[in-house]
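Dumping the structure here so I can ask a few things about it.
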Amino acid sequence: MTLGMAVIGAGYWGPNLVRNISSSAATSLHWLCDLDVERAAGVVAPYAGVATTGDLDEVLADPRVEAVAIATPAATHFELALACMEAGRHVLVEKPLASSLAEGRKLVEVAQARGVTLMTDHTYCYTPAVRRIREMVQDGTLGDIHYVDSVRINLGLVQRDIDVIWDLAPHDLSILDFVLPAELRPTGVAAHGADPIGAGRACVGYLTLPLPRSALAHAHVNWLSPTKVRTTIIGGSRRTLVWDDLSPTQRLSLHDRGVELDASLRDEDRRAALVSYRIGDMVAPALPESEALQGVVAEFASAIAQDRAPATDGHAGVRVLELLEAASRSLDSAGALVPVGDGGAGLGAGMGPK
Amino acid sequence: MTLGMAVIGAGYWGPNLVRNISSSAATSLHWLCDLDVERAAGVVAPYAGVATTGDLDEVLADPRVEAVAIATPAATHFELALACMEAGRHVLVEKPLASSLAEGRKLVEVAQARGVTLMTDHTYCYTPAVRRIREMVQDGTLGDIHYVDSVRINLGLVQRDIDVIWDLAPHDLSILDFVLPAELRPTGVAAHGADPIGAGRACVGYLTLPLPRSALAHAHVNWLSPTKVRTTIIGGSRRTLVWDDLSPTQRLSLHDRGVELDASLRDEDRRAALVSYRIGDMVAPALPESEALQGVVAEFASAIAQDRAPATDGHAGVRVLELLEAASRSLDSAGALVPVGDGGAGLGAGMGPK
Amino acid sequence: MTLGMAVIGAGYWGPNLVRNISSSAATSLHWLCDLDVERAAGVVAPYAGVATTGDLDEVLADPRVEAVAIATPAATHFELALACMEAGRHVLVEKPLASSLAEGRKLVEVAQARGVTLMTDHTYCYTPAVRRIREMVQDGTLGDIHYVDSVRINLGLVQRDIDVIWDLAPHDLSILDFVLPAELRPTGVAAHGADPIGAGRACVGYLTLPLPRSALAHAHVNWLSPTKVRTTIIGGSRRTLVWDDLSPTQRLSLHDRGVELDASLRDEDRRAALVSYRIGDMVAPALPESEALQGVVAEFASAIAQDRAPATDGHAGVRVLELLEAASRSLDSAGALVPVGDGGAGLGAGMGPK
Amino acid sequence: MTLGMAVIGAGYWGPNLVRNISSSAATSLHWLCDLDVERAAGVVAPYAGVATTGDLDEVLADPRVEAVAIATPAATHFELALACMEAGRHVLVEKPLASSLAEGRKLVEVAQARGVTLMTDHTYCYTPAVRRIREMVQDGTLGDIHYVDSVRINLGLVQRDIDVIWDLAPHDLSILDFVLPAELRPTGVAAHGADPIGAGRACVGYLTLPLPRSALAHAHVNWLSPTKVRTTIIGGSRRTLVWDDLSPTQRLSLHDRGVELDASLRDEDRRAALVSYRIGDMVAPALPESEALQGVVAEFASAIAQDRAPATDGHAGVRVLELLEAASRSLDSAGALVPVGDGGAGLGAGMGPK
């Protein structure tokens, strides 16, 4: 049995959802809903049997619709997701889950109360590269995690409503959340940013995230770089992984080299190392070619069918929102470290510049 | 007339000084001084007329010696430089100038009192690439400086006495000091670090340095990366410069592309840009091939001959020490921003972990 | 007035033609013709007003159809193009123009006799990169052309009916024909190939093409390489151009460096150069983003409207066929140089292995 | 017991031999002989116990001298090596072994007659990369060898006496000779070249070398390229190896991907493959850091001590000369394929343009 679905939002991301939900054997698309009905009609033209409307009630009145995918501006996620869940529908929400932590937590509560599935569309987590990274972090291939350094810079669209951290860092934060085991999640955030062009919001941002066991994560996000870089390094005690998302042929490379502490060394020379080095092979594993969003749709349908939490559930969306809000607070207080998780206050004013 | 010189220290850097002072037409090398006299003798074997000794007094008793280059462990810089200057000699000191800000300031005072030249060997500043960067920053080629992002990561020697920030960041900080005009120097430092291997000192470090006019500098230094990266991006309002020090053929690239704020834009779309983009050519300027240390020696001899301050004088060395001390204080206080310059306390405990 | 068109062939290339002809303001698409009518119907589903048929006569009976684009297997090009032209239609033919030189020449004759436009779809010639290369070759930016070295290797589909030279080299040969002025066209071809996997046809091929004025062109085509390379170097007396079609950011780079003969030099040293070197800047010009096939369609419509020969006309298609046939003959005679152009016999047996 | 040695030639390569022979535990250097005695004296200054002379007889009169390394212009190799061998000395000769095939064969004969060791200094064969390549070719890691494609291009010194093929291709040909088993050696050569700058000799060259079992080798050598490329691809039935000698971190990469013929496939589609593809991991093996010339000296001393042929003996030097002469003949006859080995005439006029 396929899952009957509707998509809300015919803008940038909606058409990709339409295409993937239409082509998946696990789902059937019945509606595309957008206030701009003409635009919606253009999007669904190639697909048979998909109706369009500007009225969400019409969608929710259709008993074939068991689940809704929401791809509208972030500020509207909360209200739309709430309406769908209160109408008993499962919901897949584009990242970020909502525009504030409080809203995100409310959505999780409602999903639990209603017994519906709430999934955050952290798309990157469903790429072959990130799936493989998660495996290698969790099966011990990398050993203990020492540091995670992420760079996501580009000549990017300066957004009207959110700064570069809320625009780009959700990718890095959701990936971090996905690949690290729960006991290694960040304990805080310090954020620095700059708005050198006078855009009214940070265009360059740096996030530092202390991790348990003396490890550290860091992300550099930047809208002003003429060169495009999307690289993440995950340093481990056994191996180090480099993910270069722009490399067509060598997306992941696993380096069997590193530094090992040798406390027994006693060398009087000033330059003496306390460590020894391991220089080994590098392996670039072959990755399957598959579209991440196909994996998102499959996971959503499968989680509903099996009545289990999806890999990037509402809680994952909430954790990312918590980090983003903490980052905004840190930015407002000269980069002071803001704790999260058990140690975090967890109260904030939501996304965007004030 | 050539400048009569001695070198102190036959370790890692001393032999390079010996070679360059010997081969320069502006200088004559008379002594190499090291406690390990045998090692010193091996270093000077190919050069005629260079004597060796383990006794600095013997060097300073030689009236041919007008200037001394010091390439010993940082902890000894202060005492040796002081002795040489008090004996009326000009002094060139390997970076860092001293092991604390207080020592560095004292050296500057003594140099002024004695009327001798004190130069810090910020070698990178004399590479063809950095000289060219300075020109392009200062002649307006880049326009207003928006951000400076520096990455210096490698599988590096974990030092016994200093952390990765004191080991590697002096390069980035001295370059920043050299290329930026005085009015754009950093106003503070926030530092984050991690010691995931239990080495007793930070092996991964991030420095954030607010600059005047809403600009920002940032440096990532790391001893634990299996891939070597040495890249600095300087974003400007007119052009952006990328310096990849490991690229054999394209060390500098100047990108005539960027983001321009256009306040008149009114676009109702959520993804609308407030900005327009400029996509232009990229130019990789040809750089002369020359050894940086040759430039250091030439600048030192020339500054003495012309009785002027060298480009990287004692003050430059002091400014770098001030930033390093501020970084250490920030590291000790969870990354809190520590002001420097007029706003900085300027008192600290020197280098290294406590 | 827009040009009324039909497309024949709904396979690999046809859908791209359908999309570009539909979206161009200069053309209107009326028919997609393919023996597999169901496939054709799937292709045109998103486009309004495009009929499908398996019968070419039906297309040619429609007076709205002024021009036909043919994207069928090469073996059928001749017959289909002939039929269309004899019905008074202008024709755009996917490369190669036909499956033998004799067929190609016949098509040119018929086009002239009928007064219709015959264009070869040498798509690469309409990319922003190749257009710019042509400009720089022809306006003297490069100076005299010294050599052209092209590498097009990949893990490619081993074709059933043609060898790697007929499959891939048409790209290189058509680009060479497009960018070089008529007086610099190749005077012959020597071809070497290998079939190490026993596929029944060459899977690795090398073409050497002497050019007038002591210049030389060479192309390496290969179906068996696990790494993908698409690079062309055009060496000139003033500058050298490197085209790396796989580089996202630096597709073209213009090197102002080279070797200059200095006949006055007299140096007795064995290693002495007879030449001097010029080391200058490198410039990577910004290129517009545009789809090549859009340019093909625009050129076809414009050439018809203006009653002029298109940039890649039937003659260009014939010249490429002549080089391909000469390459096949060379391959059959151990790499012997086969003259083309005025010196070439111009008779051959067409494409593919015997 | 160490091997007593002399070096002849204090030019470009001689000082490297001096340094490596001096530092090897297996050899002792007694003489450096060069007509320019002053230059020779400068070269040996840092080394104790090395005398200089302009007179070879003085060297050969010294009974401590058991072996001689010759690093003089190629035109003098024959006479000098002959003199040394006739005086009973083992000889190591810089590539090319001699300036003609006839000379090379004579040297081999004399070495056999005199019972001395004759070794060709094919330096590249002693790099860690090439040693590893040889292992992987010969132990079956690559499977059957399908093709070898080598590119060695650069802005190089245009030589006075030899063309680009004699200057650069000896590297590629000696490596090919070294890594391939005897039964896979080239059976002929076709050479194409161009002299577009009027230097009087080919500055751009292409060699095609048919190998047994339908395999093919090819080399592109070029003095006029502003970009430097030194890459060799060895395609095999099991894996393909890419050697990028300019990559600091990934000199060798072993690709577990390729094309496999599947004769059972019957696909009516025009684009149908006769093959299947294997997409696997890529491995970049760690290579030891070692200087190739150190390996040359060690192999020479070890071969003499063990009374065995060195890995690159006189026969290897002769095979390379045979290919070079065949290439020159092919160049003179419009690229006609010239057989070598059992099928080759083996008579030629030696190196260089006429």
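A, B, C and D are the chain letters, set down in written order, and residue numbers restart from 1 in every chain.
The rule we apply is simple: a contact is a pair of C-beta atoms (placed from the backbone, for glycine too) under 8 Å apart; a residue touches a chain by one contact, two chains touch by 3 or more.
Treat the numbers as computed from the prediction; the structure is a model and nothing was measured.
Enquirer: Farthest chain from chain D, going by the mean of C-alpha atoms per chain?
Expert: Looking at centroid distances, A is the chain farthest away.
Enquirer: Determine which of the two chain pairs, A-B or B-C, is joined by the larger number of C-beta pairs in contact.
Expert: A-B
Enquirer: If you average the CA atoms of chain B and of chain D, how many Å lie between those two points?
Expert: Chain B and chain D have C-alpha centres separated by 43 Å.
Enquirer: Please report how many Å separate the Cα centroid of chain A from that of chain B, as a whole number.
Expert: About 39 Å, centre to centre.
Enquirer: Report, in whole Å, the distance between the mean C-alpha point of chain B and the mean C-alpha point of chain C.
Expert: The mean C-alpha positions of chain B and chain C differ by 53 Å.
Enquirer: Can you list every residue of chain B that touches 2 or more other chains, as numbers and ranges?
Expert: If we look for residues of chain B contacting two or more partner chains, we find 227, 249, 257, 282.
Enquirer: Okay, in this complex, where on chain C does chain D touch?
Expert: Residues of chain C touching chain D: 11-12, 73, 144-147, 149, 153, 155, 157-161, 190, 192-200, 203-204, 206, 208, 210, 213-216, 218, 220, 222-227, 233, 235, 237, 240, 242, 255, 257-261, 267, 270-275, 277, 334-337.
Enquirer: Which stretch or stretches of chain A touch chain D in the complex?
Expert: 249-250, 253, 256-257, 279-286
Enquirer: Using the touch definition from the top, list the residues of chain C that touch chain A in their complex.
Expert: Interface residues on chain C, with respect to chain A: 45-46, 227-228, 246, 248-249.
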